[in-house]
Amino acid sequence: MKKSKLSLLLVLSLVLSMFLAACSGGKDNADGDKGKTDSKKKVSQELRLNIKTEPFSLHPGLANDSTSGGVIRQIYEGLTRIDKDGKPQPAAAEDIKVSDDLKTYTFKLRDAKWSNGDPVIAEDFVYAWQWAVDPANQSQYAYQLYYVKNGQAINEGKAKPETLGVKALDDKTLEVTLENPTPYFLELTAFYTYSPVNSKIAKANKDWYKDAGDQYTSNGPFKMVQWEHSSKIVLEKNENYWDADTVKLTKISMDMINDNNTELNMFKNGELDWAGMPLGQLPQDLLPQLKKDGSLHTQPIAGVYWYKFNTEKPPLNNVNIRKALAYAINRKAIVENVTQGGQIPAMAAVPPSMIKENEQGYFKDNDAAKAKEFLAAGLKDLGLSDASKLPTITLSYNTDEGHQKIAQAIQDMWKKELGINVKLENEEWKVYISKLHNGDYQVGRMGWLGDFNDPINFLELFRDKKGGNNDTNWENPKFKQLLIDSQTESDPAKRLQMLKDAEAIFMDEMPVAPIYFYTNTWVQDENLKDVVISGLGDVQFKWAHFE
Amino acid sequence: MVKYISKRLLYMIVSLLIIITATFFLMRIAPGNPFTSEKKLPPEIEANLNEHYGLDKPWYVQYGDYLVRIVQWDFGPSFKYESRTVNDLINDGFPVSLTLGLEAILFAVAVGIVLGVIAALRHNKWQDYTAMIIAVFGISVPSFIMATFLQYIFAIKLGLFPVARWETFSHTVLPALALGATPMAFIARLTRSSMLEVLSNDYIKTAKAKGLSRGAMIMKHTIRNALLPVVSYMGPLAAGIITGSFVIEKIFGIPGLGSHFVLSISNRDYTVIMGVTVFYSILLLVSILLVDIAYGLIDPRIKLAGGKKGE
Amino acid sequence: MQQISKEKFQIVGVKASDAEKISKPSLSFWKDVFIRFRKNKLAMFGIVLLIILVFMAIFGPYMTKFDYASNDLMNTNKPPSSTHWFGTDDLGRDMFARTWQGARISLFIGIMAALIDFFIGVAWGGIAGYKGGRVDEIMMRIADILYGVPYLLLVILLMVVLGANLTTMIIAMTITGWINMARIVRGEVLSLKNQEYVLAARTLGASVSRIMGRHLIPNAMGSILVTMTLTIPSAIFTESFLSFLGLGLTPPLASWGTMANDGLASIQYYPWRLFFPAVLIALTIFAFNVIGDGLRDALDPRLRNKE
C-alpha cells in the first residue's frame, strides 16, 4: 500500500510539473522569435497571411463582407484606387471629367488587360454595374450602386437594368450619370462593388466566379490561381496588369484559419508573415505583451464603437440621464486597460480621420462632475430623489469576450461614479441584432465601420427614426435637414461645416455614447514594407515587398 | 435478424423525420435570418432575397420543399458561401473529418482499453492508480484546452509538429490526440470498472481453476464481456467524432465538417443547418443500430429481435 | 463398515434458543457498504478533498478583502502575490475571491448534473433495457432524436423563450445530458437481465422495481459511477459554454469553466489565470473518481470477501 501511494504521488507531481512547464516560459519564446525574424532574410517575394474564413463570394458584385473584400481588392481594380495617402486616384480610368452640376462623370479608360489578356473595355463596367443592381442577381450590396441614376428603381424592380445611368460611349469611354450630386463619388468608384467584370466571359458562363481557373479573370495587381474552399486561396502577380512594374510580390497565400491564437502562433513559428487585422485578428489578451516586445503595429481606422441608447425606453428617454451615462465612462481606462489596442477614446461620432477636431470631441472624457450634474438634473426631471430609484438599466451586448469585458468595465464605472445599477445581458449574435433592430433593448453595444471616407457615412444612420441602422428611435428635424442640404452643397468647406453642425446636434442629444474609435492591430514580418492600409482599414498589397 | 433490421430501418426513418421536422421549426423560430447583419439591408433587397430563396412562401410549402430535396439528396445552396452548395460543403468536409475522427477513435479505443485492462488486472496497485491519474487528467481537461496545450508544447515549444493546417499526416497527429483524449480516458475508466465486475464472475473463477492461461483468459472471457458499456458509449460518440469537432477544427485550422454544425447555426444558414443535421443524424442512427447489433455479438444472451412482448 | 459408538460424540451444548442466535452482528447492505468504504483510504482522501473544496467554496470568498466583482483597471493580470494570492484577471479582479466564488457555481452545477444524470438516465435506460421490445424501441428513439437535433439551436431557442436564468440553464444542461447514461445503463441491463439470478428473482415473483433496485442497478453500478464522474467536468464546461452564449451566469459572476475559458487565451503570458481553475477542476474530478471507485468496490457484492 505504501509503495503504491508513493508512486501515486510521483505520477501526480509529474503531471503537475508538466502542466507548470507548459504554463511558464512564455517569455523566452517571445524573445526567441525576434532572432528568427531577423535571420530569415527573405529574398523570395511570397507573402503568407490568414483571412480567417471562406469568403462569401469572389464576385465583386456579390461580395458584401470584409473577407471577400480583402481578396477582391487585391485582384480587381475599379475606376479609381485609394492611393498610399488615402486619396482616390485614377486607376482603370486614366482621366476623369465631372460636369458642373456634379451629376455626370466621364471616365476615359486606360489601355489595360484582364488577367487572360482580354482588353478591359467600358462595356465591362456597364455589364458589371447593371448585373449588380439587377434584382435577379440577389446582390446584397446592390445599394452601393444606388448613387447611380436609377440604381434603386432597378433594384426594386421598377425599372429595367438597361436604364442604369452608365453608358459605354465607346470601348474606352464610360459615362456615368448620378441620381444626386455625390461629392464623394470618386471614393465610391474605388469600392469593389464598382469593379468591372470581364463581360465576355461572364455572359458566356454565369458560374465563372465560383472557382479559380481560366474562367476567373481579374484586372488588378494580382490574379487568383488557386481556391481550395474553406482552406486556402493563392494569388499570383498578374503580369497583364497595366502597372505590373510596381508590383513586387510574386505570390500571396491566404489561409483560412478561424482562431486568433493559432494565427499568432503560426506567425511566431514562421508559418505566416502577417497576423492580425485587417484580414485576421490577434488575441486581445496578448496585445499588451506584443506591445511590450515592440512587435505590435496599430493604426486608427474609420470606425467607432458605441453604446446605443433606446431613446424611447425610460429612463433613457431623458437626455440628461443619457448624458450622465455617457460622461461617466472612463474611456481612457478602457482603451488602455481593457481593449489595449491603441484605440482612441471617442467623444464624437465621426472618426478623426474624417474630422480632425474629433480627436478632442464634444465633451471631456471621464467627466464625473459633469456626469453627476446631469444625473441630478435627470433625476429632477423624473421626480426621483436618488439614482437607486431609477428603473434598472439593462446593458446588452452580443456574445464575445471583448464586448463582455468592456460591458463589465462600464457596468462597474456607472455603479461607482453614478450609483446606477446595471444588469448585463449577452445574446447570441443574430438574436442580439434582431432585438436591437426591433428596438427591444435599453442600452446596446454596436460598432460602425465606414464604407467610404466621408462623415455622412456615420451621420446618415440617424437621419430617420426608422432607418434600418438607427436603432435608437431618435430623430431630429434640424439634424435631418442639415444632412439633406449637405448632399447638394458643392463647396466642400461649407458642406463639411454643415455636417459638423449636424454632429453637434447629435452629440448634444446623445442618442449614443461613443466609446472609442477603432484601430487595426497586427504583427508582421518587419522586412515587409509598403503595405497600404487605408483610413477605412482596407489593406492593399499592390506596393508591398520584402526587403 | 433481417426482420429485426428492417423494422429498425423503419424506426430510423420515423426518427429522422422527427429530427428534420424539429430542426426545421426550431431554426425558423429562432430570431434572425440568413440576411440579418450588423449593417441592415434595405428592405427591398431583403424582400428580393427572401423571394429568391423561397423564404417568403408559407412554412408548409417550404417544409415540403425541404423534404423533397432531402429525399433527392440535394440540400440546396449555402446562404453564407455564395459559390458553394451544401452538398459541396459535405463532400469536401466529411473526408477530412472522417480521417481525423478515425485516427482519434483508434487512439482512444486502443489506449483506453489497454489502460483499462491493465488497471483492472492490477486493481488497487500502482498501475491502477497511474491509469487513473491519466484518466482523470484526460477527463478533466476538455478538448479545447488539450488542443491549446498540445499545440503550445509540441508545435511551438518543441517544433515537432506544425501549428495548424491540414496537409500531411503530421498535421493530423495533434488534433487527433486532442480529440481522442477525453474518450480515451473515459473508455479506460469504463473498461476498468466493467472488467472488475467480469473478473469476479464465477465463470472466470472456473476458467482460472481450470488452469487456463492468463492471457487466454483475459482475451477470451473478460475483455469481450467488459466491452459492453464501451460499445454503448462509442456508438453515438463515433458519429459525433467522424463528423468533426468545431473547436478542434478551429484551433488547428482544419477544413472539416465540424465547423459547419456551429457556424451554420450562428449564421442562420438554413440550408446548411438542415444538410449537416440530416447527414449527422443518419450516421448517428446507423451507428446506434450497429451498437445494438454488436450487443448480440458480444453477449449472445442479449436478444433484441426476439418477441419480448410477453413481459 | 465400522460401527461408531454414540459415546464418541459429545454434546457441546445446543439449546433450542441458540438456534436463533447469530454469532456475527447482522449488517444491513448499506451499513456493510459504508464499513467497506471507510476502509478504502484513497476514497476517504477523496472525501476529505471534497469537504475542503466545499468548505473553501463557502468561506473562501470572505478570506480575502477583495470582492470578486470589483474591477481595478490599474492592476490587471498581476501574478500571484501576497496581496492577490491567486493573482488578478484581465479586469484586475482578485482571482482568489473569484476562484472560490466560482467554486460554488461549478460544484453546484457538477453535482446537480451528476444527480440528474443518475435519476433520469438510470431510470430511462433501466426501464428501456428491462422492458425491451417496443418500449425499449420507443424510449431509445426519443433519446436518439434529442441527440440528433442541433443542441446549439435548442439552447438559443430555450433562451429566447424562457429567458436567461438558472432554471433555463439547468434545463439546457438536462435536455441531452442524461442520454449517454441511459444508453450505457440500457446496454448493461440488456445483458444482466438474462443472468441466472435475475431469472431466478423473476421466477420467484420479485417486482420490477425490486429486480431493478436490488439486482440490475447495483450490478451496473461500476459503469454508472464512471459515467457520473465524467458528467461532472462536462457539465462544468457546458456551463461555461452556456454562459458564453448568455445563458445562465451573467458577469461579473464567475465559474471555473468560464475562468478556465478566459484564461486559456493568455496561457503563454498569464498562466495563473488558467492554472487555478484548471487544477481545481482536476482535483474535483480526482476526488469524485476516487470516491466513485471506492463506492464501486464497496458496492460490488462479489468483492465483499476479498479483503
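Order as written gives the chain letters A, B and C; numbering starts at 1 within each chain.
Here is the rule we use: contacts are C-beta pairs under 8 Å (C-beta built on N, C-alpha and C of every residue); 3 or more make two chains touch, one makes a residue touch a chain.
Quantities reported herein were computed from a predicted structural model and do not represent experimental measurements.
J.: Whose Cα centre is nearest the centre of all Cα atoms in view?
T.: Most central by this criterion: B.
J.: Given the two chain pairs A-C and A-B, which is bridged by the higher number of C-beta pairs in contact?
T.: A-B
J.: Approximately how many whole Å separate the CA-defined centres of subunit B and subunit C?
T.: 23
J.: Distance from the CA centroid of subunit A to that of subunit C, rounded to the nearest Å?
T.: 48
J.: List the centre-to-centre spacing of subunit A and subunit B in whole Å, with centres computed as mean CA coordinates.
T.: 37
J.: Scan subunit C for residues touching two or more other chains and write them down.
T.: Each of 156, 160, 267-268, 274, 278 in subunit C touches at least two other chains.
J.: Among the residues of subunit A, which are close enough to touch at least two other chains?
T.: 22, 29, 261, 428, 431
J.: Residues touching two or more other chains, restricted to subunit B: which are they?
T.: In subunit B, the residues touching two or more other chains are 30-31, 129, 133, 137, 148, 152, 266.
J.: Name, in rising order, each residue of subunit A that touches subunit C in their complex.
T.: Residues 1, 16, 19-20, 22-24, 26-27, 29-30, 260-261, 283-286, 288-289, 330, 333-334, 336-338, 399, 401, 404-405, 407-409, 411-412, 423-428, 431.
J.: Using the touch definition from the top, list the residues of subunit B that touch subunit A in their complex.
T.: 30-33, 35-45, 48-49, 52, 80-84, 88-89, 92-93, 124-126, 129-130, 133, 137, 148-149, 151-153, 155-157, 159, 162-166, 250-253, 255, 259, 266-268
J.: Which positions of subunit A touch subunit B when the two form their complex?
T.: Counting only subunit A, the residues touching subunit B are 3-4, 7-8, 11-12, 15, 22, 25, 29, 54-59, 62, 135, 138-140, 142-143, 152, 155-157, 209-211, 228-231, 255-259, 261-262, 265-266, 268-269, 271, 428-431, 433-435, 437, 446-447, 468-469.
J.: In their shared complex, at which residues does subunit C touch subunit B?
T.: It comes out as residues 42, 131-134, 136-137, 140-141, 144-145, 147-150, 152-154, 156-157, 160, 179-180, 183-184, 186-188, 190-191, 194-195, 219, 222-223, 225-227, 229-230, 233-234, 237, 260, 264, 267-268, 274, 278, 281-282, 284-286, 289-290, 293, 296-297, 300, 302-303.
J.: Under the stated contact criterion, what part of subunit B meets subunit C in this complex?
T.: The touching residues are 11, 14-16, 18-19, 22-23, 26-27, 29-31, 129, 132-133, 135-137, 139-142, 144-145, 148, 152, 186, 189-190, 192-194, 196-197, 200-201, 225, 228-229, 231-233, 235-236, 261-262, 265-266, 273, 277, 280-281, 284-285, 288, 291, 295, 299, 301-302, 304, 307-309, 311.
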